[in-house]
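Letters A, B, C, D, E and F name the chains as they come in the text, with residue numbers starting at 1 for each one.
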Amino acid sequence: MQNNVLIVAPHTDDESISMGGTIKKHIDKGDIVNAISMTDGVGARENLTNEIKIGRKNSAILASQILGFNWIASFEFADNKLDTYPLIEIVKCIESVKNKIKPNIVYTSSASDLNIDHRILANAVLTAFRPQPNESCKEIRLFEVASATDYGHHSVTGKFLPNLFVSIEKEWPYKLKALDAYKSEIRNFPHSRSKEGIKNLAEYRGKQIGIPMAEAFEVIRKLEE
Amino acid sequence: MQNNVLIVAPHTDDESISMGGTIKKHIDKGDIVNAISMTDGVGARENLTNEIKIGRKNSAILASQILGFNWIASFEFADNKLDTYPLIEIVKCIESVKNKIKPNIVYTSSASDLNIDHRILANAVLTAFRPQPNESCKEIRLFEVASATDYGHHSVTGKFLPNLFVSIEKEWPYKLKALDAYKSEIRNFPHSRSKEGIKNLAEYRGKQIGIPMAEAFEVIRKLEE
Amino acid sequence: MQNNVLIVAPHTDDESISMGGTIKKHIDKGDIVNAISMTDGVGARENLTNEIKIGRKNSAILASQILGFNWIASFEFADNKLDTYPLIEIVKCIESVKNKIKPNIVYTSSASDLNIDHRILANAVLTAFRPQPNESCKEIRLFEVASATDYGHHSVTGKFLPNLFVSIEKEWPYKLKALDAYKSEIRNFPHSRSKEGIKNLAEYRGKQIGIPMAEAFEVIRKLEE
Amino acid sequence: MQNNVLIVAPHTDDESISMGGTIKKHIDKGDIVNAISMTDGVGARENLTNEIKIGRKNSAILASQILGFNWIASFEFADNKLDTYPLIEIVKCIESVKNKIKPNIVYTSSASDLNIDHRILANAVLTAFRPQPNESCKEIRLFEVASATDYGHHSVTGKFLPNLFVSIEKEWPYKLKALDAYKSEIRNFPHSRSKEGIKNLAEYRGKQIGIPMAEAFEVIRKLEE
Amino acid sequence: MQNNVLIVAPHTDDESISMGGTIKKHIDKGDIVNAISMTDGVGARENLTNEIKIGRKNSAILASQILGFNWIASFEFADNKLDTYPLIEIVKCIESVKNKIKPNIVYTSSASDLNIDHRILANAVLTAFRPQPNESCKEIRLFEVASATDYGHHSVTGKFLPNLFVSIEKEWPYKLKALDAYKSEIRNFPHSRSKEGIKNLAEYRGKQIGIPMAEAFEVIRKLEE
Amino acid sequence: MQNNVLIVAPHTDDESISMGGTIKKHIDKGDIVNAISMTDGVGARENLTNEIKIGRKNSAILASQILGFNWIASFEFADNKLDTYPLIEIVKCIESVKNKIKPNIVYTSSASDLNIDHRILANAVLTAFRPQPNESCKEIRLFEVASATDYGHHSVTGKFLPNLFVSIEKEWPYKLKALDAYKSEIRNFPHSRSKEGIKNLAEYRGKQIGIPMAEAFEVIRKLEE
């Protein structure tokens, strides 16, 4: 069966950092993978220039070409300020996309991330895809973003608790290229959002399940019909 | 002892869906049951007409007549947008009611519901009835609303964990009539907010405690003097 | 792909009560479903006769014929007394079966059940199928048993938190027949292990995901290769 | 309504330390309060003499006279070694008492205590009073024992989370006398099982609910019929 | 080694109520202790006069002199309304202080407090001091504020779970003086923010660790280099 | 101040795998580090020979020489069968050591490990070092063992939640040598108990705190006097 996958990314780059290997795997199996981003991912920065904004857009396009997915919408919520909007506005944007493409698998960020945009988005996605009769979406998966999920704390933000591990050993070279596309977002070792850090995480998640490399997800809800 | 009960409902209809049987039981035992609603419950809808607003108000009045409780205040916060107000404003509205009627038992929605209004209200009620000396309220109970509590997820919203089960077998016919009063809010099976769904929930909660039908509550805090 | 399913049941009857519909679904999709039981399920009773023991065995055989699975081993641990054995003995029995049939999906009872055998078995299965390299098992699913899972309490035993819902509307008649096969284990309404109780649970789990009937599982760990 | 209360104490003294004030309150309201103890409470000590055993029994009798309850059974499980018995044996002892007196409120120790006997007993009581139809017991309350509940740790034993606070300001003098009856079990300040320590706890629980002194309980399950 | 301590207080008075003894202890060991407050702590009150505002400032100065710490910044966010600002604005204020003084130990309020300002601040501090390479801060400690932390509820706000206890028997007289400095904020017994209430809490936390008096903290994250 | 450290290891090798770097660090700072093991660590294996037992002992001695700590006792509980002893027997063994050396920092395994010996030991240590007045131990730290802690699952065993990270970049070469001493216990990549696996874990824990390599601990309780 061909899956119709939707990735709801807080910012462009989250999709590649968290699940670049899994995207490639979906594509290689013949699935459709569409993605949307909620903010431009750079608006909260000081010294923001138009060049930076365009650069980020180009990075996102390049990453999507490397991994094989499509950006189908980009909402213009203010970066790092999703807490300044009514949740329902964010929900309605996601619902508008849902009604158009009717995905059966949806990925988004974890409610336990330190980044406030990520946490709000988990709430918005859970609301947009609430399990009403005839809902197209049969599975919601939360991903893990280096330097957002690991920076949370169980007493403050809750805890990411993965139950699904996707082998990405074969897909790793593509993920690495996608990370290169976002090179301005990648930090130096030992930052967890460095290339070494992201590789370390893949190996850590792999070991947890007995394989060389994996991306980890928390499946919130799945329906087998 | 006659109880002085206050129900703090996010929207009219929540009181009947969640605790219609328990309201009837309170009334039959001679307790006073007052209720307030925070929003009109329809404002977030597209194609909202004045007719819909009036219809909802009439439903609420009819339900209160069937079950025997009184609506004593209706605040005009925007539906599904309690996250756009300072929490303290909502708290102060609840405190104004508290100071007038001095309830000893307070019911409100759970902080684990998917609906953002419900979650904020749990916080507001906990604040308005904080256990200062001479607080009239001796017990806070969270109720469970079909298609709000069951749509939450423990990793995103937390988990409703009931510890009080009220038998409603005898009161069920009245609850059913109250649901009829809100017929525009009731969905078709297998929606969890269908009549069959609400009956199924009552039987599920009943079985958990060894009886035919129950409504379940999470008692947050109780004082026995 | 054909799945090679292993059910590790505390006692015969747990498999049908918890996942009779899902077993039938596996069979209909062409999967292999084998089951083992750890105790005779009746040994803890007073006035135990040989007739009762034979009756229970025959029930188990009949249920397996109705649903299409095979009982491949029956261990003779004392009923309701798994806490009197070293955990490692139970683990080794499960490993002996694992080495023979190399299942890729394993089902067992929840660590949050009230029944002590169920809780110990969850630990034993997690140990027997720990994620070492080359482990055949790619997915561990905990099932929910009426009058064991619902009788637990989050403060004492932990909480069953399902994330997988399997539609069983079509399979329900077969599950009902399997329950009939175990008729001496089935109680009268409103006991949660009555036919009405088990149906109520299926409808409750269905509604949670927007369908008429479901069996719910907690997926502990899954690997997608 | 007259309550028929059963206290299932791990050891004599737990009832007075944890809920001496609440016992007195039940008695003053006309309730019946019976208690059982599972072990002699001293068997695990080195240099145990017959004198110590008799002294403890006399203390228990004296405390019951001060507070007004009855010891109706004393089981001879080995002190601090409840983990060496099959849980079901302990359950059956409790069930034998239950069948005789049919209590409607049951108190026992918390599953989050450091003391292993206390934790096992919480499991046994939950099992003995599982919510089958026609169960007499309508409420299970876990109590808090100085130097057992406070010595636990949320990561190892779980966490006691009280939701019921009983005012004991008026009953405190009686509790103090009952503690005097157990004087060989009471330690010196700043031990949490000193008189000052137990008073401090009563004031701490009182403040949490806005009154001078309280005993705190975790209500596991309650049915209002 | 001399510690460079930063206290991020929601309102002036929180630092003395929660950790007055620990501040004195830091000072006596030769550590530097700086503090900032986010709001004026009185703005949410009705009948607010300029006198009240000045009085509160003077109280804060006096308390700092008694305990030996310095107020180095006071931000003018609206009292009890931190939920009306984008989190990132609060974060940036804290980062501006951090960049100036580069603390190695940071204290702030718990994410489980009932007070909304306290909860938001825990999030803001966790964000401002996220563990990037070369972060000066090696330890984050959450403190406990009488009538904020104890008024929370685990099902609504989460639960404060201390793992660090600081002996304050010797420092208690200084803490008491600091509380006197804030006398308009101190309530009468049995309010938990009364002098007796705060002493009771110190003794309660002491007993938990076997000493006469302590202040308790939840260490979120510590690095030993 | 010189620390007097006690490591309570389920089996020899756990100390080096979990905290070899931290041991070295303690030694280099001038602390005393003593260790005890509860079982021989090999008894549960099939085809056990005397050679294997002697080999394991020699490995343990060699590792202690490399890292600089002392084995001061070795209890002969049956490997992987701590669940067959009364908890109090294990507690008494630990207390006998405690009374002799009076450690101020105690390390042991996590109650969330999959290995049953590890979980029981966490309980025993918490009991042996309960916070009575004059207890020498001021801090209890749980360590993390590759292929025991990572093999647990939050729904079955609970979750290891570290709050202390010790930098071990400088000490890594010594840890590696200690692992070589236990070479018969070390598996091949991608097993989590391979050298690469243990290095990956050190880097993962490092990144979480912004440094190259760390060992992580859960501090259960600490007293600062």
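Quick note on the criterion: a residue touches a chain if its C-beta (ideal position, glycine included) is under 8 Å from a C-beta of that chain, and two chains touch if they have at least 3 such contacts.
Here the structure is a predicted model, which means the values were calculated and not measured.
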Each chain counted as touching chain C and chain D at once:
B, F
Dup interface of E-F (contact pairs over half shared, numbering-based), picked from C-D, A-E or B-D, is B-D
Relative to chain C, the most remote chain by C-alpha centroid is chain E
Chain whose Cα centroid lies at the greatest distance from that of chain F
B
Between chain A and chain D, what's the gap in Å when you average each chain's C-alpha atoms?
51
Could you put a whole-Å number on the gap between the CA centroids of chain A and chain C?
35
Which chain B residues sit where two or more other chains touch them?
131-133, 161, 190-191, 208, 210-211, 220-221
What topology does the chain touch graph have (line, ring, star, complete, other)?
other
What are all the touching pairs of chains?
A-B, A-C, A-E, A-F, B-C, B-D, B-E, C-D, C-F, D-E, D-F, E-F
Quick check on the complex: what are the chain F residues that touch chain E?
25, 131-135, 163-167, 208-211, 214, 219-225
Per the touch rule, the chain A residues reaching chain E in their complex are 44, 80-81, 83-84, 114, 116, 147, 151-153, 155-157, 187-188, 190-191
Which of the residues in chain D end up touching chain C in this complex?
86-88, 110-112, 122-123, 126-127, 130-133, 142, 158, 161, 218, 220-221
Tell me, which parts of chain B touch chain C in their complex?
150, 154, 159, 161, 189-192, 196-197, 200-201, 203-204, 206-208, 210-212
